[in-house]
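Naming follows writing order (A, B, C and D), and every chain is counted from residue 1.
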Amino acid sequence: MKTFDRFDCISPVDYRYHDEKVARYLSENAFTRYKLRVELALVKTLHKRGICSEKVVREVEEACSKVTTAEVYAEEARIRHDIRALVNCIRAKVSDDAKPYVHMMATSYDIIDTANAARYRDVVWEVFIPSLVSLVEVLVVSVEHEAKTIQVGRTHGQHAVPITYGFAIAGYISRLGKSIESLMRLAEELPGKFSGAVGAYNASSLFFEDPVGFEKQVLDELDLPAAEHSTQVVPPEALTRLFCEITIAAGVLANLSDDMRNLQRTEIAEVGEEFEASQVGSSTMPQKRNPINFENAKSCWKILMPRIITVFMDQISEHQRDLTNSASARTYGETVDYAVVTAKRLTSTMKKLAVDHANLERNLEMQMGLVVAEPLYIILAALGHPDAHEKVRGLTLQAQREKIPLEEIVTNDPGMQDYLAKMTPYQRQILSDPALYTGVAAEKAQTVAKTWREKLRLK
Amino acid sequence: MKTFDRFDCISPVDYRYHDEKVARYLSENAFTRYKLRVELALVKTLHKRGICSEKVVREVEEACSKVTTAEVYAEEARIRHDIRALVNCIRAKVSDDAKPYVHMMATSYDIIDTANAARYRDVVWEVFIPSLVSLVEVLVVSVEHEAKTIQVGRTHGQHAVPITYGFAIAGYISRLGKSIESLMRLAEELPGKFSGAVGAYNASSLFFEDPVGFEKQVLDELDLPAAEHSTQVVPPEALTRLFCEITIAAGVLANLSDDMRNLQRTEIAEVGEEFEASQVGSSTMPQKRNPINFENAKSCWKILMPRIITVFMDQISEHQRDLTNSASARTYGETVDYAVVTAKRLTSTMKKLAVDHANLERNLEMQMGLVVAEPLYIILAALGHPDAHEKVRGLTLQAQREKIPLEEIVTNDPGMQDYLAKMTPYQRQILSDPALYTGVAAEKAQTVAKTWREKLRLK
Amino acid sequence: MKTFDRFDCISPVDYRYHDEKVARYLSENAFTRYKLRVELALVKTLHKRGICSEKVVREVEEACSKVTTAEVYAEEARIRHDIRALVNCIRAKVSDDAKPYVHMMATSYDIIDTANAARYRDVVWEVFIPSLVSLVEVLVVSVEHEAKTIQVGRTHGQHAVPITYGFAIAGYISRLGKSIESLMRLAEELPGKFSGAVGAYNASSLFFEDPVGFEKQVLDELDLPAAEHSTQVVPPEALTRLFCEITIAAGVLANLSDDMRNLQRTEIAEVGEEFEASQVGSSTMPQKRNPINFENAKSCWKILMPRIITVFMDQISEHQRDLTNSASARTYGETVDYAVVTAKRLTSTMKKLAVDHANLERNLEMQMGLVVAEPLYIILAALGHPDAHEKVRGLTLQAQREKIPLEEIVTNDPGMQDYLAKMTPYQRQILSDPALYTGVAAEKAQTVAKTWREKLRLK
Amino acid sequence: MKTFDRFDCISPVDYRYHDEKVARYLSENAFTRYKLRVELALVKTLHKRGICSEKVVREVEEACSKVTTAEVYAEEARIRHDIRALVNCIRAKVSDDAKPYVHMMATSYDIIDTANAARYRDVVWEVFIPSLVSLVEVLVVSVEHEAKTIQVGRTHGQHAVPITYGFAIAGYISRLGKSIESLMRLAEELPGKFSGAVGAYNASSLFFEDPVGFEKQVLDELDLPAAEHSTQVVPPEALTRLFCEITIAAGVLANLSDDMRNLQRTEIAEVGEEFEASQVGSSTMPQKRNPINFENAKSCWKILMPRIITVFMDQISEHQRDLTNSASARTYGETVDYAVVTAKRLTSTMKKLAVDHANLERNLEMQMGLVVAEPLYIILAALGHPDAHEKVRGLTLQAQREKIPLEEIVTNDPGMQDYLAKMTPYQRQILSDPALYTGVAAEKAQTVAKTWREKLRLK
């Protein structure tokens, strides 16, 4: 198998959304290297137990550094077994003395599942989490700038009561922060195994009194915990949990993207993706400024989210294992790639995002008269009005019908006078200037930003 | 809306797989009660803060105890708003003095999301986890009986090397045990909220210097943590994680069911669901003994697993919330019900499961001659045979071709003599009696059973 | 099992979104009636073949009319087999002479799968398709009113070039129309079976020379085609195709709902769900007018869409059948119910939908200056401008920078003079009044409406 | 972007399951060629309408033949718009006179969606359907050989009554045959579009009286129908239906694979994947003969099936389109590739599959005594036994308890004598030799094979 044209690829993960850092852990070449690393860990442990010489270790290490995926595939094409092919490639590069120690006592999945644990742990720790942390950092900076920028709150796509722009962004910091913490824990919990063909340490028991201890020693070389119980494979739940959390994190990214897409609508226009001077918005409509990055981020979620079903189906493996995950488990890396690509794209897009303060104000004023309805209702209720909600609903309908500001109607309503008299100055003030009615939005935004700046040790 | 015939239901969760204990938390009646509990917690806190009298608390408590779902639905039919309908029903049952304090400062989702957190936490802790623990207990007892019962290990549906029956079951104990621990943690982390219409405490800020402290006080009444940041709704990730774990636990149950279904195949017959004297196996084939309970358990997984997609889609809510989860979030309870029903069904089925020791032995002997191939290869390799795997593969093919036991072929092979001489007695013994080749299966089974008996405090 | 409180249900399909017409086909009571209908069809056919007397037919018919689901469940609780329980209930109500002919030669799934084919065909033809046709009718009327109402076209949420409101609605007519046609065909293709326990007509061959002909005769009683080949069950693909199409139709409904939700945003406000006088928009914000019906419609799609995965998983049944669809196949009716409820809700909502012509105009004018960019570029290109797209992009950026209408910039640009001179009057006119630039939107809208008014024979 | 190492790919679809024929239609290079073909169809039509000269057509044709994906990507990297980049690459290769006609009046998705329709239609017709037809052919040949080979029928994994091996295979022929017919129709229905930026023919109306006629003319060049109504994009349902059917076809392949995997279990062993002399079954267990091809086929289904969710989500596009399918729609080709690879793998595996007649017989005999229960019950019922099912259930339990063949018990049972006397010779014969009890399995198998041999015009 030789080099080929990247555009002959069928998957966009390879010709268009290929992240080189992810590929360092999850490409087929990377997988080969991880499997070799496990084979080497075994030989090192055999040496520590006095079973083979240091020379054997050195030979195997040297051999492993030279094995290429291409030669493994060539051997596999001959013998139709992937791990045996890998083993043959190592053996072909060592002396006859060293040969017996290569893959000694191991079954294929001692190597494969252990390599998988190591590479998924590494790519999550070294690529995915950092990509999320970078995004959080951009959001934290944004909150620090815009904590007090008033924005109308929206529920059901309708204007509700005011918040601040920074407050809305802080929600994403909090949600991503928790996901990062969860990812850290789950990635560290991924177990390896060295328990042989059916998990009962049948082979290693031929040589060791403490085959479970031997397993621990091999996995220690790779900083991996051992599964409490394994069959030919590690129990799939730890990896399933990790992919659930990756999917959850991607869901938060998709939610952020949808919010930004909508805030960029022509009629709303509170934010805008930065446009480069030479960038084309549409092939026929040169005036268009499309939120293509947010759209792309949402689209990547639509790719990766349903694939969790594949992971859940792979949880079921008959008896000491069937191999009906042979192809499917190979696709998990794509999910990681899409998640990383999305996080990176959002980081650069959010970093350059323009917040349009004029439009924020314009939109806020649109229904300000009506926004006052909530505090009015709540104050009336607190002041003992027996039917405050119904009363305010009536006043609101009147305001809309007569196109008069709600405050004016309230001030002139005879039934309101007693209540107006009893209000505190702050309460009275809010009826006149509902933009003040933002609760603790600004402080909350700042607190959340500060918390995660510290927790994630952002510069 | 009046009582109706259960068999007019469309969902099997209501006419066929309806668990009464689950319904105590997740039926619509139960939901009403949980929402009333949150409304009451609010009034209690208002009293603790000196805003209303104890009499108001007593009135509201009394009213809440009387509100029925039917009357709330009748009111909703009139005003088209579910929570306002609930509030009206409470208000109609208290004095005018108490009316203002009902739902004071609250937005609908302060009530709904907090009620959801409480009821999902409760049903997981009080129904789902106990149903899993009961199953684990049955499995532990089974392992304690069958830890040493030799069974052929199977990979790819093919005989591999031996394990013990208890060892296979222990794998399920370990997997379920970890899932139980995870469920415990995730259920406790479900947050409530009392931050108002857009999450910025706009309303409660009108009355309190510390609206975040007020929220904490309300949620303390319900033993719930507050979300670090909320909008109109709590951030969805905590509930999403819980449903991922429920799905994962159900996946383990499905895997167990598939294993048992297959072990019950006519040709294998190592286990059998107990049949009651009056039970009919087939409407035309009276001799049939079908694994209907395991089939049903697998089928329930096929129902609930894909529904995690609904949960993931509900993660996305625009701005301070859209309501596109209005119907969908109401279906989550079904997933819990199916998971509980599955766990209970498996508990009773596994409890009565017959293990057929004669068939276990018969199957084990089927290819015993060949099972010896693995230890032979491994020992040869360890003894320095330069090409052990290829050598043994050849001997195996010869055994199959000539229909001679592999051990006989090995003993007579000239090239094997040196190696046979170098083997330890234990190694030599295993070649003669491959049933001994079970590694540490029995000990591992016992250790796992003991660990979880203690961790889960089984009697 | 007795009548019970509807609000003890766990599934919202039973306490909140329960459509009575759907239940007439898909509730458990309805299922019982369909199964009885198949049992009766069998006895009728036995009579036609001279195997039993007409009196037997009358007895069985009478008995079938009396069997209740409740008594079948009671019998099933005793003998643990659902169809045998049904058979016992019929047999208990006929004379000893008639008993042998009840369920004669039939296997359970001859009854169940045939009943399923009949009821899904019926509910689709008699409830789901009519609910879609009603919606299409409302849309056709809307198009007939608003075919020429100009609306800004939107791509990426950004203003593009104009269409008409009727044109946008016509797209949904076309998409739903095609789905209706597809549903009709697929519902009619659902096959029944009467081929016995493993599909080879083993039992009926004991009595008939032409068991395939006998099967045809039984199914003719129910107007169902026979499967070309069946096992214990009919091949699942026909039902899978039907549910794919139901899911597709629901996707169109969800798309319509999203469009309407977005057009109802406060800033856009081109349409509005009608609000009843007594309706409450929010429990704390009395001014809110939320698009709750469109949100609900979208939410129902999030429920039903992922469940197609269950249907796809049920496609796989081992050998002549496993029973791992025992529970899952019972849930399909819920999907139909949600689809029907959604179609009905959208019909009533779209019927009362207010189209705000003033806001349509206001939004259209927002960027009218820029909308002219597309026709300008296209005309320039056609007139031979060597780099029309780049030229217009430059002019557009200038218009935005200098806040001058694009047309003014074009008129004054020296490089444009030659091209302006060469334009047709229509082309020149469009640059001044881009609202004219709607292509054939109005005619297309009218043509589509007319086509489907005729195809679906709307009044 | 240059050639790169195939093993740096992340998706197995590119490094391991890459079908070259599929790539000819669905790789990024292929997509470029299809888009160029659409651009050329446009210019050809402009010429036919007298708008440009034949020389322009020749220039554009020449240019299109030279544009490479790599240069398009380089241009896209500069201007950030994919189709404009393609257009620029064509324009750069033609004279200034020809430039204006390139992409004239077209919007990006006139090109992209039309290219998609053409390439998916082509790959289904020219690669996927042929791959299924080849598989059907292998199955037809198998049925022709094994139509009469008796096999025990299995339901619930339990022995039921006999069929023939050919009968079981014929079920797959029938199911695949219907899927092929459906694929043919759906692929031909895929529509293209040439209706401009929002579907209203805004641009083409500037030049033509009959823009709909012009669209038809362009699409005729590519043998594609036009959508009845389009927006910026074609309505997604036609493509969704095609992918539903691909998923359905793959489900049939997965079902076949599961059956074969199970029949290959050590204890059943009725079929066996052929093993090559040099093939390795396990890295440690040289004796293993694993059903890796069937496992792989099942695994590919687990990859592609859940991805239909992505397609369903892409059905929803806001207003005249959003671009949230920008990345996701690029992944559909992978589904086609996995389906093709699966069909091809199963073709070669089924072709070489060994059917073990000895084991078929051995398994059949296992419970033959009990298999007689069904015909006995049915005959007794037909002969007027008032409680045949219960009677036979009792006899069966007795047979199992006393380990005596059921026939012997029947013959000796006093209550049976009258009935035995009334049986036809054929009925009596079946009780003695239940292997005769195969109904019309053999004829049905032959009929199905013959039908599809003719319909699909197999050699």
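Operating definition for what follows: contacts are C-beta pairs under 8 Å (C-beta built on N, C-alpha and C of every residue); 3 or more make two chains touch, one makes a residue touch a chain.
As the structure is a computational prediction, the values presented were derived from the model and not from experiment.
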For C-D, find its twin among B-C, A-C or A-B: the pair where over half of the contact pairs carry the same residue numbers.
A-B
Count the touching C-beta pairs: is A-D or B-D ahead?
A-D
Taking each chain's centre as its mean C-alpha position, how far apart are chain B and chain D in Å?
34
Roughly how far is chain A from chain B, going centre to centre by Cα mean, in whole Å?
24
What residues in chain B touch two or more of the other chains?
84, 105, 154-157, 160-161, 196-197, 203, 261-262, 280, 282-285, 290, 292, 295, 305-306, 308-309, 313, 322-323, 374, 378, 389
Using the touch rule from the top, collect the residues of chain D that touch chain B in their complex.
154-161, 261-262, 264-268, 280, 282-292, 295, 309, 363, 366-367, 370-371, 373-374, 377-378, 389, 392-393, 396, 400, 406
Sort out for me which residues of chain D touch chain C in the complex.
84, 96-97, 99-100, 104-105, 153-157, 160-164, 167-168, 170-171, 173-175, 178-179, 182, 195-207, 211-212, 227-232, 235, 237, 240-241, 244-245, 247-248, 251-252, 254-255, 258-259, 262, 305-306, 308-309, 312-313, 315-323, 374-375, 378-379, 381-389, 426-427, 430, 437-441, 444, 448, 451
Per the touch rule, the chain C residues reaching chain B in their complex are 1-18, 22-23, 26-29, 32, 69-70, 73, 78-81, 83-84, 87, 103, 105-108, 196-197, 203, 261, 276, 278-285, 290, 292, 295-296, 298-300, 302-303, 305-310, 313-314, 322-331, 333-334, 337-338
